[in-house]
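Per-chain residue numbering starts at 1, and chain names A, B, C, D and E are given in the order in which the chains are listed.
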Amino acid sequence: MTMSDATRPAINAQTSAPLSGPTDADRDELRRHGILLTSIQELANWGRSNSVWPLQFGLACCAIEMIAASMARFDIARFGSEVFRPSPRQADLLIVSGTVTKKMAPQVIRLWNQMPEPKYCIAMGACAISGGPFKQGYNVLKGIDRFIPVDVYIPGCPPRPEALLNGLIELQKNIRGRHIAGPAPVEADSPTAPGEYPVPAFGERDLEPTSNPKLWQPPVIVRPDKP
Amino acid sequence: MGPHHPSTHGVFRMMVTLDGETVVKLKPVFGYLHRNHEKIGENTTYLASMPYTDRLDYFCSMTNNWAYALAVEQLAGLPVPERAEYLRVILAELTRLLNHTCLAGFLLQDTGASGTPLMYAFREREKILDLFESLSGSRMMCNYQRFGGCRIDATPEWLAAARQLVNGYNAFLDEYEELITGNEILMARTQNVGVLSPALAVNAGITGPMLRASGVDYDLRKVDGYGYYPRFEFRIPLGDHGDTYDRYMVRMLEMRESIGILRQALDRIPEGPVMDPKAKIRGFKPKPGEHYGRIEGPKGEIGFYLISDGTANPYRYRVRPPSLINLTILEDLCLGHTLADAVIILGSIDIVLGEVDR
Amino acid sequence: MSASVSVLLPPLAAGQVGDSALLERLPLMARDLLTAGLSEPWRWLANSLITIGAVIVIFASLFALLTLVERKVLGRVQNRPGPNRTGWGGILQPLADGIKMLTKEDIVPRSADRLLHFLAPVTLLALSVITFAVIPYGRHLVPVELDAAVLYFFAAGAATELAIFMAGWSSHNKYSLLAAMRALAQLISYELPLLLAFVPVIMLAGSLSTTAIVAAQGGWLWNFIPQWHVLTPPGFAGFVIFMVAALAESNRSPFDLPEAESELIAGHLTEYSGFKYALFFMAEYFGMCALSGMAVTLFLGGWQAPLPVLEFVPSYLWFAAKLLLVLLGFIWIRATFPRLRIDQLTRLAWKFLVPLALINLGTAAFWSLTHDWAGPMQLVRWGGVSLAPSSDVRRPRPGHQRGIAPRTYRYA
Amino acid sequence: MLGSGLIQGLAVTAKNFVKSFHDPARLVTVEYPEQKTKLPENYRNFPFLVYDGDQAIDGLRCVACKICEAECPPQCIYIIPDRDEKGRPTKKPKVFDLDISVCMSCQICVEVCPFDAIKMDQHFEIATAERFNALLLHREDLAKSDAYFHTLHPTEAAQVDAVLAEAKRRTEAKARPAAPAAVPATPTAPAAPAAKPPEPPPPAV
Amino acid sequence: METLAQIHERLAARFPAATLTLVPNPAPPAQASLLLDAAHAREIAVFLRDDPALRLDYCSNVTGVDWPEKEIVETTRSVQIDPAGGPPRTIEQKTKRLQPGCLEVVYHLYSMALKHGPVIIRLRTGNRSDQITLPSLTPVWRSCEFQEREIFDLFGIVFTDHPDLRRLLMWDEFTAHPMRKDYVEPDDYEWEPTPHDDVLAKAKAHYPAPAAKAE
């Protein structure tokens, strides 16, 4: 497969913000000498990463595995994340658990807009990442990352609850590497409503627009012709 | 309410008009999970639709598989080996246990019991899922039935594990009922709430435990006698009031009957192949014709209507979703009750949005 | 009547408990040491500030601990361990939550009433905190000694309804508004049984002052049965009514209707985010602590030790232990019960709890008037007070007539 | 009596609370990153390609027949057969891409593969922040050794080995009298009890 | 239970004005069906529901089927006896005809009271563009309510006398009927790492320049 990397824009730029502080190795070294090195940023990141409250928001099959992850066998509470808040105002994490249909997409984006910063998004399962098995459907959104930024993708159909926990651990690592000022402002499309993502309207045949072009620029695929 | 709401069991929306807290008008809105299952089914082969049926009602993938396999087998006139039929009964009844257990948990979650019944329900669900996983390879999306049998044979260890689970299940049900069934708050919340009359239930095409809670004796396992169900002894519990409490209790009692069926099936399961030797995996093309095949799923009558034009893809692929049709009377049940009741009435109907919207 | 009661009880003196007196006075001595250098009016001010600070700090950490304990206990009840990865065994979980809440964006909806939206959590918190003032935490530890302390407590507690209504109204959200309506109906309904429930205690103790009420519960019958009010029949009935009403007043399950998750998203809290939400949360736990503290004070003997041999333990520790026990009860109930509906909730209050409380009032009068009956008359006395409340429990209630009962099922 | 149901319920929760400290059946949590549940042998999560011998790419059993590409329900497999310099097919995939952001682990590719070349993996800890590169597996990522397959699914691997050995014996028997012709083996998917002759690769869809 | 042929006879006697056709089914279980004409469908449905011998009180499944216009090549064989006394010859004649398209609704009826079924009835529209009205059977069986709405949504059949005929699954602004065979999906280009031919063609339509450059 040849893919012109030059045309691929930086998607999810905010996830790769490097931590401009001491590295983990430095910190371990200091800790060994009895010095607990910390800073406001680290403290905040520690607090945020250990208290990720997900939005109680299930879409489809994966939602059941999400619920299962919060149940006794897997117990997401061990990570401090069992507080599934039903209101987006109190949630930190949007787990897009299942197929996002075109009819549902505006609602998901609205929920995301209603969540306070800092907020994170996990695309759980094939359908949330790319439309998955249902991507050939006329009413299925081909990946939630067309409209909102996704921090962690968990493939699987559905992913095991352990895989969700694994994704959560990845997210916690990601949060610990962030700057306190929040993610890089790739969003903020409209100057009148900063931080809000445009909500698509229902069109006659499709959502309008079909993606958020500021956020989503798909790379170009170039395949050699089939023999 | 909805489509994002904690107790709509997914993405379901009810346009509720309230007078104070009393529901005066309620219009359900669907389609938030409309995944074009039928369109995809018409564009792929018969076999390729099988994993999609898992995702219809994602609690009951085994019964969905069976319903689809049954419809195709009847359409093409395929025989099924004896052992496979037994396995199907075992798996279908395990699915019924699974579904009803989870439903009881979710219903109580809707009444506000902060998670404990749901946790106990999911604790047992995990045990059943372990069985499914070790047999079919996946916890929820089993994709296990094939046209003319089952994909993999069950090992003796698996059967022993299933036996152990079935033997321990009554103890769980006892504990669960002790926890909650006698609870006065639950009775006050559910009794005389959302009463469904038998006449309306029949006319509105309600099926499954919901119909039987209204006192109508109609269970496809007895009526159609599909699979090997006529070989087993079991009773059909019926409710007299048709309210939410009856819908809950009928499911609890059905689980006890399912345990009985499972015991019989696990004792009698014969040796033999699980796949009809003439069945084809690739290039399956039934002759032209059409057929509607149905089974009694945990939620009600799940049927598949297939029109074959002789090619590898079905010409028309239609799912008869019990959840959608059971929702027909939602407004009738909720009128005059409070918002809090509407939530538990919806819970007791037992819908799964994957199936409602497909 | 107050005279007759106090005659029964042994007089209390500070020096009586001997060695533990030092421990008893330790918090006060520490405070005096700190403010020793100040002149009189300043010293008074500093003392008060220290007291206020101590109460707030202690209850804030209790709140933090309580959230953790609640999550842990719920976890254990549900066969899982609960938070255990943040800090040592999860002990730092509340800290992490707090830091996150503090650094979270604060959203005020565009259509909300900004002022009320801001004031609601502040009011609620302030009202919850001032109720702590009159609870006697130990033998010598009462922040404010008031003659009408009980009255003051419930007056301040009743005002929290206002704050919840403010929150629900100002959010301009349909769920919040419904929650506000529910909160008003619920809190006003339960204010009455709550008030009626402790009147017997006042009748028995003969005072509205919390210190006097605790003092009235000192001493032991036959040297091992404590003379707490909960162990007298009217006191016990009062305690039960009080606890049910307290569950409702503090919006705890099974009466958590204003923020019923499965119905109203988060009720009046739906539009609150970040630190304001944390304040609400804190205020609710404070309210729960205050009511539990009052329950301990009124019915469970306050800071009194349960056995004479255990008196060496400082009284404030006894108070803390009892408080925690009551709070655990709250959590236990939350882990078990489903929620009531709003009409059933008010019906329970008006048709069951209020009559029961009124009957209990009569029982209490009878009980305290007949305290000197002896011999076979004692049996009559016990019989009388036991039968009276059960007449209400057994009374057929019109709302419950429609056959709320276990059922039998037929098979086809 | 009014309230007896409530008290029963309280007793059950109390029992569970106490038992959670000493009864493993009442504390069922598997503390995931440290402890892991043993996955059952049949567990499946995304396919991989089996290779024989040491060479990952050269030893692939896959012959690029494209059956799985055609049968895959969500169409997540993409294959380009390799050709040598003269343009003849070498029966090896030049490109074998599998998009696990679409794959639903349904195992149909395994069932339809006549060469036992594609099998199901059990690796599920693949959460990533990168959608495009991390979730598109190329043949280099997919190729796993036969020994790995044996550790994952010992029973199935034994069946496959028996079938392959039988096929080899038959081809050898056939090859001895006749001219060595590139007759493909006649194996079968382990799930299907009947051995079927392989069908010619269908035209690309 | 009576056979479908018997029901057909009874119905024909009872409703002489109605056109009733028996549609055979070649599949092994041979669930044959009865094609009703739209004008009498409601009456017949009520009769089927209330007739004491049938009591088809339960309408289980309602399906729409789209039959687009199809060119059918029919081969007729006729055996000609050679007048000269030779062996009889078979002459094949191919005729092309355009089968008009239509939309069809299939109802699967069962009886819960008598526990028998199914009786399958079908209704057909005149064509696929302007004569797409059929009588709704929701007044007869409530269970048709949502299923007929779904058919209205996905196939575009308009049911008269339906109590609440709105789109069920798609949003209200949507104009197409996606389950029809000639429905073309909206071209919402999706980056797909494993593009199959049609997807690749779409992708090239979206990005003509870089695709050409790379080749």
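Basically, a contact is a pair of C-beta atoms (placed from the backbone, for glycine too) under 8 Å apart; a residue touches a chain by one contact, two chains touch by 3 or more.
This one's a predicted model, so the numbers in the text were calculated from it and none came from an experiment.
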**Report entry** Least step count from chain A to chain C, where 1 means the two chains touch
**Finding:** 1
Report summary line: Chains in contact with chain D and also with chain E, listed by label, are A, B
Query raised in the report: Farthest chain from chain D, comparing Cα centres?
Result: C
Query raised in the report: So which has more C-beta pairs touching, B-E or A-E?
Result: B-E
Query raised in the report: Using the mean of all protein Cα atoms as the middle point, what chain has its own Cα mean nearest that point?
Result: B
Query raised in the report: Using each chain's Cα centroid, which is most distant from the centroid of chain E?
Result: C
Report summary line: Note: chain D sits from chain A at a C-alpha centroid distance in Å of 28
**Report entry** Computed distance of Cα centres, chain E from chain C, in Å
**Finding:** 67
Query raised in the report: Quick one: chain C and chain D, Cα centre-to-centre, how many Å?
Result: 59
Query raised in the report: When you check chain B against every other chain, which residues touch at least two of them?
Result: 5-6, 31, 34, 36, 39, 51-52, 116, 119-120, 123, 126, 141, 179-187, 357
**Report entry** Shared interface positions of chain D, touching two or more other chains
**Finding:** 2, 6, 9, 12-13, 16, 28-29, 31, 73, 75, 78, 97, 99, 101-102, 104-105, 132, 135, 204
Report task. Going through chain A residue by residue, note those that touch at least 2 other chains and give them in order. Result -> 1, 56, 71-73, 75, 78, 86, 103, 130-131, 133-136, 138-139, 143, 157, 160, 219, 226
Query raised in the report: Which chains are in touch, pair by pair?
Result: A-B, A-C, A-D, A-E, B-C, B-D, B-E, C-D, D-E
Query raised in the report: Which of the residues in chain D come into contact with chain E in the complex?
Result: 75-78, 97-99, 101-102, 132, 135-136, 204-205
Requested in this report: Going by the contact rule at the top, pick out the chain D residues touching chain B in the complex.
Outcome: 2-6, 8-9, 11-13, 16, 28, 40-44, 67, 71-73, 104-108, 111-112, 120, 189, 191-194, 196, 199
Query raised in the report: In their shared complex, at which residues does chain C touch chain B?
Result: 74, 77-80, 178, 181-182, 253-254, 256-257, 260-265, 334-344, 400, 402-407, 409-412
Requested in this report: Name, in rising order, each residue of chain A that touches chain D in their complex.
Outcome: 1, 8, 11-12, 15-16, 72-75, 78, 126, 129-136, 143, 145, 150-157, 159-160, 162-163, 165-167, 169-170, 174, 219, 224, 226-227
Report summary line: In their shared complex, chain C is touched by residues of chain B numbered 5-7, 18, 20-21, 108-116, 119-120, 123, 179-189, 191-192, 212, 217, 219, 222, 235-241, 245-246, 249-250, 253, 338-341, 343
